[in-house]
């Protein structure tokens, strides 16, 4: 268990705790002496570290490894940095990824319970059976609680997928209240399942990146496979409903050039496409505002996902 | 006031009532005798009419004119048609356009009152002042109650703009409940104002078509002018808020190639863009389903606005 | 079994045989007498037919039904047409679709055997196991022998998918000979599997059209499901190879805007994309030349798939 | 009033004059001593400056401020730089922006007078009234004489808008001579008004950047508001002519994806679109040639506006 | 030589003159009697003709042939038509195409002389030599005087290319006066040569259509060949100037997607691109106004080249 | 003749040999002493060099010049570098470019002979005459043996064009065997001629870059000129065949936006387009794999030509 967090380190602190190595570079000091220049990260931030005795200590760890570090903190040009006296790689089982990456404000278990509660309140029927089978599958559940909703575009933190889906479920119920001819349970199903493939498209236990499978297939195609596997286990699942669920997953990016080989062909698929877009982009704006809150301008920097600057909020 | 409606006409009926001339063509019968072949319309439907004594009666009216017709109904190849004995053009002041075009299911006055009620419940402030000034302007109000929301794409019936805006206001309140950092009154303002220019872009008192001004400028630019005129009358309206309102109207189509010269640059503008799209397209789907309900296929015909066939709803 | 073919009918022939009704319209003769105007089709062509005693005979059949027709052939304005004395709908089990639609020049069984032979010559290994499991599955094989390769763009005839795949297999072997670093068996697998979803995307037993499932999902997504079902039954199929097979199917249209959510990311996927394109377009050109061979111009009519006119071949 | 210009500074010069701070960075010398590294600019160029006594002198000024600098010039690695002994921020009213930014070769007052003269020679009528009202409005005139025509793409210097408009007026008269059916005064009006919104879209008194309003609305929408304000003051301005003026401003970028929500719908609007493009791009080429005149290649560097390299002119 | 023109034919006229057959169809009258239904055209218009004795007279002519017709004019349903008593195909040498197609208002010889005059006033040098060699080549000159400037988009009449080039030359001189750094002779050369390939891209002696060569290569590539042929004959033509001339022809469509493989890379090429566009589109508008002058609307029908409706001119 | 190659240099080596100067910069050492920092290249690699006595030695050579260098090799921070004692520019005639640039694995003369052999085996006829005339033209042959097939996208090494064409010829024969209705000799001609313009589009004797002519016209247009020059010398070359050859060259990029002003309009042109694409992209993938073979990832870096990462090959 992690004992010290970067945000709390001040010059003088002695520490023995774990970090993720974000980058590692061998350099030469002006004295000609070689050293390792590391960037260490945990969920609270990033700190630079120096390993002077590097010929002895540089063994068995690389970028993206977790390490147990012993050392102390010094100030260098006004910024704290760690001077390392011992360092060794940790085994994966010593590590809880939530200690090393940004994570959701709300507790994932709590959000997961809320989603589950909503699904259990659905009327009996094949969609309820499917959704519970998916969400309660232990292997899926474990990843579902951890996954970010995207690499960097939106909800890019552990638990982000849960935050996104929970927000969508609430919105979906409101929209179903408003447009009474819509099939509420199909919308609910689409909102829970549309991004499910992200749990295998992204790798998020050592750093956020695409898995090989994710890069070759994408989360839409992966999600279809997960859902189809569950559908096979449900006797008498209606064939037409299966096609519709699959179409919703397939079409949720809305346009071919965004990776959906089909465009939404019925109202519930359309709703899922628009709500997903709305929630993703609002969250992307929120994160941009947070990042640029000290920027001296009426506008943020260019948001790479939205490809535009954003007007910063203020009281009028 | 209109006395007979097309939907009620049966062979044998004698009538003296008003219609809109949808088309007028001079033809020659197989006997060599000339006659006028008319299509007459009112809000309940379309009927064909024949004017035999056309050399005498074909005077002073053309397509898109309103006429007072005297005659009787006959069956021709199993379909009722009007045989005209007298016909004359009506003055515009004899006519209420709602008698001749498709119109909203709900009473426009009732919807207008509901919108007004919502605006009156806003907290005091410049946005409330602006919205009430716009909506209560008698000239604007009269057109606002009558206008369709589009030529043909969605809500293409008298009162359609009210139906669209009212639906959006309700959705907007739900979305504002959900995303608590959004400025509720700015969303409300954007939803009421974004399509206001339609009241001058479209002509809807003789047939739905673009006005010359509408075709040259579009409803975004026209709407901006209406709103700016009202803004000038409000003392001390905050300049930054004015820019934001204008940006919302300008950006509500979301992309340059859809006629918005700017893309939404803050969350409220983004919300208005997505809700407007969602409501328009769901309504376009609904109308397509109504039109194709007897079509012998799982799919509708191609929806020209969405450029795709739609899966027809059915119980699974 | 069908006894008369349209191409052989001449005035005077008496016939009692089966056809597909391509269109059916009730009309009125100049004498005022009603009749049915039918277009009948079989694999050899299309002929017009008249049913005079239509009040009695117009029962139980519509367009796209198969019918047993009794009657004789007359010449009308120089063209033979059938005068119908008896007509009744046939049950599907009385019908072999190959009698009613255009079909491949080569016998499907022969082409199927040739493909199978090539697969059996593959070295032992998971790909050989997969391909044989797919192609020898009786349900798949039955459709594989019948399916066209596309609705209308190319190889739009029964057996067309076999023709396309067989041509590609031969090309693929040549390309594998030429670029020796390519994995021959992966190319072979991709060529056999890439269009497999067509067997469920298209309906081809009553007329060529999209199935509901085909329209909602497309042949890429359907094909993935068929292949994945077979993969599940093969113990120890390498996971990385599974991803590559799936990527090949997914990426074979080459670009997002053509419905491939991923672009080819390794050489074998690229080869399949290009060979598929080349074979499809050459066949589309060939069919256009056949259709326009009597056209008095150096160019064909505009080919709708290629969106251009084609220079007709001639000796220079 | 500015006394020394950068272009004239040589090692040894003692100076006490004003500059714009283009950039300011705190650095540490190899001796460990901190200093300020400044880039100073005026209309004649840019020079680097060092402030050694920075703990005392670094007060009250940042990048984009105007400062009064006392010091002397030294050569550093062969390049002159200012060594600063005193520095303080200036108030805006001490400053004439034309001393600090690139500016037009011709005197703005002279160009303004030439434009005014041309407008006064127009025949009496509503367009003449409108144009004089706009151009002679003291607030508009002041900005019109100062504004660049674009941030960086073309005529990006003080007075650039005047240069662009004057060039277009001359061209417009020639084109009106050539195509005699064109309405000369409408072309003249469009050329004077099309870019007018630039005076509020761009900020050009401390550095060239977009105003908040400019970024939210763009110069087309801003320009429309300025022109409409003037139109309201002209009694009986013809409504159809107002629509045409507005359409010209709206459509002058020619295509939706370049920010014009309408494409030119009559000949005069088309002429303005093409002449504006021609003059802007020729000027962009001219500036590129000037910038790259010493580049050792037949081609310039890539012009970012035209997205291509340019063949440099030479005698053949 | 043609004696009667269609515009002058009235019922009762007896005629013996030549026409172009625009269409020819064999029909059956209600009496059962076969006849030929022809559309005849000459430069003044189109008239319908009937050939009753068709078994005897229908010999040796088809659509697009020129024929000598003997007959008289009758009124049919109020419209004059020719009743043919004799008809035979004419040899090409009996025909002057200008009698059968729309043609320029000005005399081609006069326009040609004007262009030649302008070229002769150029200063001595390689460009003057080239242009005179091209324009005075008898084979080129003959076609240059006859060719339309496009199939249908603009200047689609005999002599249209001359009209277009002459207009451009005049504009080009004005633009060269205005932008004094431009090379006047290079602009002049580009304007004369840019569309020269049209003389072989289009066939215009029997009807306006693409030649086989034109369809395979396009006028840009054809024009390059014509110009290169002349360049070879001019000793010591500067190589760099040759490249520039070729670049101007190649780039005059301005964008790759409009068939220019290179975009204009120097000012003169840019000028030619814009002036060509301006002149073509203004002429396309002019022709649209002429065609729609009696249309009861503020707007023309959709102009297929510009893909928009046009506001019709009127006095304000 | 070159005596030492960079790949063989080790600390201590004394050398006197030629290099290409890839870059040259004047710097100041920490001691304040000026020196030249050079990058030298030959076909085996790149090495850094220092010229200390630069005031005396820095004469008469710049980047892209060939130089004769005398000096010795030292290790600097573990990397060998040349310390220069003498250096002078070489004349072009002292240099064989193949010593300084990457080059094909196979001997160009051998590949050239193989191509020539294939052409000589063609049946007598105008295409054989043309191809031999082109390939045996001494000036063309010299460049054809040396040219890369592209600047950087694929086959970007001396002899690359030969490698590409030879590969295509072999593929083309296989495809002609497979599709028996294709004209084999036309395919062969297209494959040999389609990229011929590269020999003048690219400059490859001092560094790979575009020639001025190449940048203004592109290799398609240049290639057409070379081929047309040869065609003029062949008596009675069939005109239709000439058009087809030219169309193949013109259309081989397949789409307007890739610089082909015409799309392939007959089967042989289509084949050339697809084979050219396939061979270029496979080679681009191969080079990417070679460059990234030590990269610690399942994927390569982004390939700039294909705009995607590539899955690296491995045994499954």
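Each chain gets a letter, A, B, C, D, E and F, in the order it is written, and its residues are counted from 1.
Heads up, the rule we're going with is that a residue touches a chain if its C-beta (ideal position, glycine included) is under 8 Å from a C-beta of that chain, and two chains touch if they have at least 3 such contacts.
All values reported here derive from a predicted model rather than from experimental measurement.
Engineer: Fewest touch steps from chain A to chain E?
Structural biologist: The distance in steps between these two chains is 2.
Engineer: Tell me, which chains sit next to both chain C and chain D?
Structural biologist: For chain C paired with chain D, the chains in contact with each are A, B, E, F, in label order.
Engineer: Hey, which chain ends up farthest from chain C, C-alpha centres compared?
Structural biologist: Greatest centre separation from chain C goes to chain D.
Engineer: Tell me which chain's centre, taken as the mean of its C-alpha atoms, is farthest from chain A.
Structural biologist: The most distant chain relative to chain A turns out to be E.
Engineer: Return the distance between the CA-based centres of chain C and chain E, expressed in whole Å.
Structural biologist: Distance between chain centres: 45 Å.
Engineer: Which chain E residues reach two or more other chains?
Structural biologist: Expected reply: 212, 215-216, 240, 244, 247, 265, 299, 309, 311.
Engineer: Which word fits the touch map of the chains here: line, ring, star, complete or other?
Structural biologist: Graph shape, chains as nodes and touching pairs as edges: none of the named types, so other.
Engineer: Which two-chain combinations qualify as touching?
Structural biologist: The set of touching chain pairs is A-B, A-C, A-D, A-F, B-C, B-D, B-E, C-E, C-F, D-E, D-F, E-F.
Engineer: Within the complex, which stretch of chain B touches chain C?
Structural biologist: The contact residues of chain B facing chain C are 298-299, 309, 311.
Engineer: How about chain B: which of its residues touch chain A in the complex?
Structural biologist: Touching chain A: residues 167, 170-171, 174-175, 177-179, 181, 183, 238, 240-241, 244, 247, 263, 265-267, 270-271, 274, 277-278, 281-282, 285-286, 299, 306, 308-311, 313-314, 316 of chain B.
Engineer: Considering the complex alone, what residue numbers of chain D touch chain B?
Structural biologist: These residues of chain D touch chain B: 212-213, 215-218, 220-221, 224-225, 228, 240, 243-244, 246-247, 250, 256-262, 265.
Engineer: Please give the residue numbers of chain B that touch chain E in the complex, ascending.
Structural biologist: These residues of chain B touch chain E: 212, 215-216.
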